[in-house]
């Protein structure tokens, strides 16, 4: 077992337009270029970037849905871009790297919850008793045991997404990528999904990559990676990233509300400094500032 | 609302019918459909109706729901009935006669029983199969029953998978249709007025978005399936293995009895040569 | 009259007369002012989606009246289409409604349905496209070749082209990145100002509500829980928590500061309001 579970070297990908008049057109600029990154086992990483920045492309490369145009990817020390990589190995990677997508409807295959959760393990060809045990434990992890015989289309968005997560957990992955999995959910559903995400990371030691537009989600991660126009421009702790409010604004993002408030104050000439990642920190920083001024 | 359509929809439950092996249910449904066409006199129909009601009760699905499943095909039933009324020629004097149309008692009786037959057919196969069998179980059953055909290179698994996915997405697409319809209505689209050509044209703003989004869904679903290591039936193990139990055997026996009785009721009465008014009405050959 | 759209004792019941009967709205009274942006909040299942569909006559109230300029929109059911041109509805994920060959044609769809002249249509299409920030170079492209954010704008332009007196938007920024959110939500104010019409915004984001709306209606359990100006609603932010809604982050900060004995005054529900309140408190800015 190596410490570094995902490693990319100079990773690049260019989308090629479909066959147009029998000429393969190379479509504009690369969606991703020169991304070199190392993610350690058990890390909780948020990936930020505006729409079309290339962050989803990154996820699809890690999961082997797309094959890189240039560069290397190592998953758990295995070079998945190598020539000797067989089809059998692809499945091994996909088992290790689970992915939860944005639209909960478009990733549920079966008409009964338990059969959907079983879909992955069934494909792995596990013994039947093992599948049953994994389905039950995955559903209990996401708190959906009572819905085991329900039809997915009757569940709420958040519940559907929890079933989708259970379907991934049942494959016992080492990494789970959440590709904007909370974007279509209401605040309650979003909170449920984030809670599960963090529990899987803290309790099961699963490496979590959360691709998101929500800054409050990113603020909870150990590490934040920002991709802009296909390039990795920031890679640091959440704390550091959200201090650089101006840089975030310049790439079409924003900081957490707390950091925005501190930045707005210093923008007006206030000599305020301090942490602002969480509510507690923000309150403390502002209270200290006010008490100092009074 | 369109989402009320229940034909081909599964109602989860735990009744005897829910617990039967899907293969049993498929075989029994085929047997049932064939036997429905055997029924040819009022007594046989009464027996058949009783049997269907009995099965409906066993399925623990409310009669209302089952009857609602007939709604979408009411036009077809009416159409067949009307054809029967007009096209049947009988012996003796027609009941009503004008212009080239002659209506015989036999035609009306036939029309009624034809309608009853179709309704029983739908009700019976719904409670026996579609309402009580999850689409995946249904597909598994079909796949298992058809698996001998794999020898001649028929893609049985692919076919079964396609079917189960289609079933999974019916409610989603119905919901989506309603949404897009409302969106276009909000832009002044009119789906319910105008000539036939106009109405067909009005469907374009509904159908195109529906196609586009279905393709997008298909693509996303395919990706999601691949991510979950799907590669056809290679290496695949099913969570719920199909196994015949005692109850399946019992149902095969009960059903055999039912079919035998029905055949008897439909064939035997005519070999006795009884000629009495009540008997003739009861066993009036339709 | 300053109210353009009014709901009077509106109730809506799904599947009336069946065991699945569900009251989605119960005797709701709301008025929407001209030239104002009204936010509609409430958790999933509070009845706000149903409400949206009632506003432009997609649903008919089980009882009660929807008054547009004082006239019940269901007085003449045959003219309900005219109501839909006047109360423009942008549905959730509206990009799914695009269908025509070009962006231009798609934006003009409603206008053609309305039977306007070609000249007028093309003028309005360009105006709506510019308003939503769609470049002229995109007008002759297929809507399916655009990016997600662009599609969203085209769909919104398709409604704005009708120049509705009331513009209703259901989560118009869902799934967009922060810049896309700001651009779309920011343009709503100019719409209300430019046309003198009313804008109704449905959103889950309290920050967006606080930032972009003038008035807020809070829905809970099929009823109007509370309504008023943004200041009125968010000054008692804790009340919102009691109906399962989140409150703006800055309101939470203000509340915590109050516990510490620091009493700020002003619009504490937005970043700018909070900033000004703090600076006033420390005396760095005059009152």
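Note that the chains take the letters A, B and C in the order they are written out, and that residue 1 is the start of every chain.
By definition in this document, a contact is a pair of C-beta atoms (placed from the backbone, for glycine too) under 8 Å apart; a residue touches a chain by one contact, two chains touch by 3 or more.
Keep in mind that what you see is a predicted model, and the values were worked out from it rather than measured.
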| item | value |
| --- | --- |
| Chain whose mean Cα position lies farthest from chain A | B |
| Which of B-C and A-B has more C-beta pairs touching across its chains | A-B |
| Rounded Å distance between chain A and chain C, as computed from the means of their C-alpha atoms | 30 |
| Averaged-CA centre spacing for the pair chain B and chain A, given as whole angstrom | 44 |
| Touching residues (chain side chain C, partner chain B) in the complex | 53, 56, 58, 81, 84-85, 88-89, 91, 94, 96-100, 109-110, 113-114, 144, 158-159, 162 |
| Footprint of chain A on chain C - complex, ascending | 43-44, 147-149, 174-180, 204, 207, 244-246, 248-250, 252-253, 256-257, 260, 262, 271-272, 274-275, 278-279, 281-285 |
| In the complex, chain A residues that touch chain C | 49-52, 102, 156, 180, 183-184, 186-189, 213, 215-216, 252-254, 256-258, 260-261, 264-265, 268-270, 279, 282-283, 286-287, 289-290, 293-294 |
| Chain A - residues contacting chain B, complex | 63, 65, 91, 94-95, 98-99, 101, 103, 105-112, 114-115, 118-128, 131-132, 135, 149-153, 167-168, 171 |
| Parts of chain B lying in touch with chain A, wherever the complex brings them together | 10, 12, 134-136, 164-165, 167-168, 171-172, 175, 216-217, 220-221, 223-231, 235-241 |
